[in-house]
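The next part holds the structures, each set out as structure tokens.
Common to both upcoming complexes is subunit A, partnered first by subunit B, then by subunit C.
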Partner chain A sequence: MKVIGCSIPRKDARDKVTGRAKYNHDITVGGTLYAVPRLAEYAHAAIKNIRTVAALKVEGVRAVLTGQDTPFLVGEVLEDRPPLAHGRVLYWGEPVALVVADSEEKARLAASLIDIDYEPLPVVNSIDEALKPNAPLIHPDVDRYTILNHPVYPKSHTNIADHVHVRKGPTDPLWPQCDVVIESRSVLPQIDHMAMETRSATVEILPGGRVLVHSTTQAPFAVQKMLAHYFQLDQGQVVVMAPLVGGAFGGKAAVQLEILAYLASRAVGGQMVSVVNSREQDFAMSPVGTGLDAHFRLGARDDGKILAAEITYRLDIGAYTDSAPRIARAIAAQCTGPYAVDNVKCDVLCVYTNHTYTTAFRGFGHMPMTFAIERAIEKLADALKMDSLALRLMNAIRPGQSSPTKARLTASNVGDLPKALNAMAKLIEWNGGKVMKVGPHLIRVQGIASFWKTSSSPPDAVSGAVITMNKDGTVNLSIGAVECGPGTKTTAAQILAEKLQMPVDRVFVHLDVNTEVDPEHWKTVASLSTYMVGKAVEEACKDLIRQLKNLAAIALKCSPSDLAVAGEKVFLRDDPQVMVRFSDIAHGYRFPEGDTIGGQRIARGSFVIRHLNLLDEETGEGRPGPGWTVGVQGVLLEVNTETFDYRVVKAASVIDAGKVLNPQGAKSVVMGGMCQGLSYATRESVVYGSDGTFLNRQMRSYRTVRMGEQPEQYLVEFVETPQIDAPFGARPLGEHGVLAMPAAVANALSRALGIEANQPPFVPESLWALAGGEKA
Partner chain B sequence: MKSITGAYEGVFHINGQTRRMVVFPQDTLLSLLRGHAVSLSGAKPGCENGDCGACTVVLDGLPVKSCMKLAVESEDTAITTVEGLYDTEVPKQFLDKWAFQCGYCTSGFILVAYAMLLNTSRVNDAIITEWLRSNVCRCTGYQEIHEAVWAAANARGNGT
Partner chain C sequence: MMTPLMAYYRPSTVTEAVTTFRQLRQDGHHPAYWSGGTEILTRRRLHEIYPGAVVDIKGIPEVGQHAVHGRDMIFGAGISLWEIARADYWPLLTATADRVADHTSRVQITLGGNIASHLPYREAVLPWMLVDATAWVGTIKGIQTRPFCKLFDGRLVLADDEFLVALQVSRDVASFPYTSRKMTRRDWVNYPLVSISATKDVHTIHAAFSGYALEPFRDDAIDRVLSEEDLPYAVRAERAVAAIPRKAISDIHGSAAYRKFVTQYTLASIIEVLEGGQ
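Our next item is the complex of A and B:
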């Protein structure tokens, strides 16, 4: 039996293509009330007065809540965010009031009738403005906030929410030894996850004390803990149910609507209340992805060896921290990109602005980070007059070296970037980035970029798996990871089937997650599910095999060690004819006389990543994850030098997957990531007006790639350097397709037009301006 | 042009079944389909202003964004939702070609593709692009969807 390494169809496939798969808001219960927030129309303003009389008069309105009813602060790391604005609004679209009514229409109408007096305050509309000496302070009390999860180091009387340091070897003495020193600055806008399903949450508070939550979350256990913490409940009281999720990309790991829905339900005696984001709300009110302003100083010997790096990453985290301090640490830990640099000085700053607050985003900060690194590498290659792929190869991170935070790297944990680079050279027929003329104003040019990423998960993140057997010998698998799209549940079932040597279609995996019955999985983020859930499933399989053998040994009058398990049978190794079927022992073994021993086989496995630690405050020293995924991406662009229009002819990825568990699944998740990455490179950006208004909060103005705009050809290859502690050696893969695509596009465009394309998105107009505008 | 002011009882033909239902002037076809009376949740809200196509259904052979159509306007038309295409070629090919991940956009794409095949005897890349540009997918690389649609066209004998 071989399940691993095969393109097993997804467990959710048939339901999804027939429209029968259920997402959070597909099942509604009659009588549910709706809560609609009233959003701030200023990016920064004092709230002078809120009049709710007219709203309360709307027929069917049950309650109206304002910041005064919710006098507490929440946050995943630093508690700096009121569920409804207190006193001031800090971003355009911030929820200021919440109306609960019989129907969504009535709640929306009433919300629009709330009368709010604001006194506009100066808007901090960029990182630079936030860091000016006399900048208005967005959080004057930043040093007095409660820290829920260390570490985070807010700086009093500034807009700096956190500052992370990496100091690996002194850099100052190195500069004189460098033959070439370059500086490079990249600026990336905030971007939106824009999952096709908007966020929603429903809460009901039962008289018996149980709190039932249905949510689009990718972190049901985080929702459980947050609600329990903020509303003084036992965690067991809070039951969070997460069905299939319609795309998440990190944006549904943040806890926001669940808190609003809880407050709304509490205000109406615990009745069931839903909060469903409109698309506009999903854009402006719920968190987006961080913007970045990065500065690099790289020095190298004339043979290309990088000797020193000084790097500053300044993140536009918007008005509240949410997971930004953790993103900052993830960036710090990988700050040089997948290159060996012994002398590194890096500072990562989380900067408050009056922009929508930010949260995890596919790659956890690594996409903008990779962009900045790879632009600097490209500039260094130019300065050295070196082939940029050769420069990458020469400096590529290798076993035996250490990460910027001095984590030891081995072949198992870091994989094989040189191999991936060489494979990429073949795959896109690398020509050194030379411009090829293909028509009067048409040129073609290649661009490549490398990446690396590890999980940067908390050192105490857990995962579990429970297997129960049905009487007929089929098995049920229960895990806490949410199915957001990449096929997590199917992978878990595959691992189980392979370990038990049974057909994967006899494995039934619980597609939804319910915190009351499923074992915890920290969060379905960081592409970690295969690793963590997989390890837990492996443990559970061991437990099940042990239980099956013990019972079969009695039935077969032998020792458990005489037995093997495969094909839904337990049999003697030396005489497989002597066997019992799973169905004979799944619910206990019944002797011919009728008496039965054993009972149902129920197995469990649990896992926590060993040897992780938090980064040191001064030097950043620490081990941020169990292993890295390295890879290289490339594009072939066709650029019109007259109109500055361009198209992606080829997009390519070579990733060290460790082991490809499901080839078709792996390829499609990488292709999807590539498409998303190209979308960021070519068109996506949250646009704020000069007064901080979130301007493009509709899909017609926040444009993403559509049919016909994808690359003409996707090329996806994997190298396989097993991570030996991972299930079957597989490395995380879920996020990675996106990571280096914007950088690869920028590198190609820069060569094509002789410009420094350091500020995506790249639209013809911005390229034209960079190339000299009218003068060109 | 029909004009109603309050509760209105209309006759709707959904996936070959006729139902008599009460609708209100403000009800969209999307909310009618997803509501308790019909409970066909294959059509998804993604933007509710015509931008994304997740809510697409087919009315008398043409794809329509059901968030942009009032329920009462679809009286006496033949409404096809993704649930009505059960066991047909297009969904089968989406399954085969892995043309979905989260699946939220999938019914919309399937219905546009289905309508395209109804209305064009021979498809090519340009035609597929033209029809399917109305919809957004955030998970796939579009290539998979493109391949599924081609496969469905070939299965019915593309122009032959």
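Our next item is the complex of A and C:
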């Protein structure tokens, strides 16, 4: 029986396509109260006075909370964020007050009636403004904040929340030996996750002390720990339930609404209270994806070998840190892209601005990072007059070399980039990026870009799996990873079915997550679920097989080592007709006389990643993840040189998947990522007004790719270089489809129009402006 | 997701509607005429308006008419833009209406609501600015007719308690050569950087513009330049943009300079299409 490598339909597919699957806010319980926040209408201002009298008079209003009722700071790494603004508001859309009422309508009405006096303060509206010598300080006390999770190095009296260093190679740099040196700057805006399902959380504090939380979270166990930590509870008291999540992309790994809902519930005697983001709130109040301003200096020999890199990444993290220090370290650890460079100096800065704060975003910083790297590589290829694919091939990172933070790369832990590059050349019929004329003002041009990524998870991240057997021999699987789209639960079932050699439709996975009954999975982020959950499931399968054999051995009067398991039977290796069915032993074995031994088969597996460490403060040295997925992406664009309009004809990806567990599943997750990446390249960005107002907080003005605007063709291929320690050799794949798409588009546009397209999104106007605009 | 509650009335005659409106106004309810309702709802959500009551005009038979009558075509103000495009009585109106918003909204957005919109676009008005049309207006005395050109000057000019009932135009306009182009920042569905409806009678090109300035406009001087048949398309387009008497706007969709650039190449292509047959 073969399950791995087959296109297994997703366990959640039928319920989802028929609209029957239930998401967090689909089930409402009568009597639930609603909490609605009042958002700041200034990006930076002192709160002079808050009058809640009118709001409290609205019929049905139960409580109104302000920053004074929440005198503590929260944060995933650095505790710098008040749940409700304290004294000052630091971004447009920050929650300032919270109204709890019988209904959402009443709470909204009351929230609009809260009267707030502000004294506007100078707004820090960009990274450059934040780093100016006399810039207003967004967090004057940044060095006095509590650090919840090391490391983070805030700089006092600046807007720098964190600074990560990477120093590799000779202190006496190799620049003099370089024949060609290029510099390149890329600037990427903040972007929104734009999940179809906006964030929501419901909290109820029971008289017995238990706290029930229902949330649209990718990180139910992090929610549990945060609430326990901030409200002095035992972790077991906090029960977090995470049903199917309607798109997350990193945005639901941050803990925000859960804290507000807890505070709201506490204010009304523990009654059940829901906080449900409107789309505008989801945009402006809840965290978005980081912006980036990157500067590259690359030096190479004239044969193309890159000798030295000096890189600065400055992240627009917005008003609070959340997971930015982790993202900064992820960028630092992969700062050169998948290329071998012996002499690296890289600085990553987390810069506070008066923008919406930021959090993880599909790729954990690697998409903007990859953009900057691949634009620099392309510029280097131009300067060297080399085919850019050949330049990538020549410098592609290989086993035996080391990462920028000196992690050793082996034939197992890093994918095969040269192979992927060659496969891409065939797949899009690479012509070196030459411009092809196809009409009076129409040209076609290709662009490619490579990427790599590792997990950058904390070194103590855990995952577990529990298998229980039903009487009829079917099995139930319980894991702590949330299903937010990529088919995590199905993959886990597939691994179990393969290990037990049983049909995957006889494996039932718990689709929701409940921290009280499901074993912990650190967070459903970093594309790590297949690896971590998979390892735990493998362990649990070993345990179950051992238990099944032990019981069957008694029934069959033989030694467990005589037995094998397949097809829901345990049988003698040398004589399979001598066997017991799973259904005979799932709930104990009953002898013909009636007496029974053994009980229900319950198996467990548990996993923690080994050999990871935190990066060294001065050199960055350290091992950031268990393995690196590599890949190449390409596009064929058709560009109108008169109007600067363009369309994506083809989009292609070749990724080293290690082993493709579910071909159709893998292809669709990559295609989805490609579409998202093209959306960033071609239209998405958060737009702030000159006063820091979040201008496009609706889908009318924050544009994404819509149906009919996709490429004519998506091409997805995989190469397979197994990661030996991973389940069936599979490498992480979940986020990667997005990573190099914007860079590939920029590389193609730059060639097509003879410009440096370094600042997405690329709308015709930006190309027109780069090509001379008004002056042309 | 609603803010304060809002009373709803659905009269079945014009006089009843206006009477109801006046009464509500007098009682301090800040009423609004409700057609497709999409703008009232979305502006209310953002706390831009607080109508305490709405008077839905779609129950009035004249507001719901949509037909070819003898020599005329008549379009009720309550007909959705989607329905207008589906019936396709007037190809230029179809082309323009069909590009407003996304399908989900377009089945709700009405001709009257679009023309009376507070947003600067009002794209479905463009064809009407190019022809001699008659407007039916709902007043306290019942339905009155007025020339449409007297009623629309960038925005609908009506007394506070009046509303648009229907628009009427000769069937002949349906056979004029026409072009409609909607140019956006990037997307198929979006507000226009510039949206242009154009027709040609014997020798003259008439063009009306939305999105370019703070309200829709047309101008004889622009039409004259566009119609100078001896000049190349590109030259006419360039001169036409120079002749536009309005200031191009800059907003999150595009800068003023870029709007001009887009308007220019779009006009060149419109002239080419309209004169292509000759």
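Note that in this section the second predicted complex is superposed on the first by the 771 of 776 C-alpha atoms of A that agree within 3 Å, B and C clash if a C-alpha of one lies under 4 Å from a C-alpha of the other, contacts with A are read in each partner's own complex, and residues count from 1 in each chain.
As a convention for this text, a contact is a pair of C-beta atoms (placed from the backbone, for glycine too) under 8 Å apart; a residue touches a chain by one contact, two chains touch by 3 or more.
Since this is a predicted model, take the numbers as computed values, not measurements.
**Q** For A:278, using the defined touch cut-off, is the partner it touches subunit B, subunit C, both, or neither? Pick first, second, both or neither.
**A** After superposing on A, A:278 lies in contact with both subunit B and subunit C.
**Q** Determine, under the contact definition given at the top, whether A:708 touches first (subunit B), second (subunit C), both, or neither.
**A** Both partners.
**Q** Which of the two partners, first being subunit B and second being subunit C, lies in contact with A:21: first, second, both, or neither?
**A** The answer is first: A:21 touches subunit B but not subunit C.
**Q** In the overlaid three-chain picture, which partner chain does A:765 touch, first (subunit B) or second (subunit C), both, or neither?
**A** second
**Q** Quick check for you: in the superposed arrangement, does A:105 touch first (subunit B), second (subunit C), both or neither?
**A** Touch status of A:105: both partners.
**Q** Tell me the contact category for A:682 with respect to subunit B and subunit C: first, second, both or neither.
**A** A:682 contacts subunit C only, not subunit B.
**Q** In this superposed model, does subunit C or subunit B come into contact with more residues of subunit A?
**A** Touching more residues of subunit A than the other partner does is B.
**Q** Would you tell me the residues on subunit A in contact with subunit B in one complex that are also in contact with subunit C in the other?
**A** Residues common to the subunit A contacts of subunit C and of subunit B are 105, 278, 700, 706, 708-709, listed in rising order.
**Q** What residues on subunit A touch subunit C, complex-wise?
**A** By the definition above, subunit A touches subunit C via 104-105, 108-109, 112, 278, 280, 642-643, 682-683, 687, 695-696, 700-701, 703, 706, 708-709, 763-765, 768-769, 773-774.
**Q** What does subunit A use to touch subunit B in their complex?
**A** The contact residues of subunit A facing subunit B are 9-10, 12-23, 25-28, 30, 105, 194-198, 244-249, 278-279, 484-487, 664-665, 668-669, 671-672, 674-676, 698-700, 704-711, 714.
**Q** Using the touch definition from the top, list the residues of subunit C that touch subunit A in their complex.
**A** Spelled out, the residues of subunit C in touch with subunit A are 1-5, 45-47, 102, 185-191, 252, 254-255, 257-258, 261-262, 265.
**Q** Applying the document's contact rule, which stretches of subunit B touch subunit A when the two form their complex?
**A** Touch residues, subunit B against subunit A: 26, 34, 36, 40-49, 51-52, 54, 81-83, 85-86, 91-92, 94-95, 98, 100-107, 110, 128-129, 132-133, 135-146.
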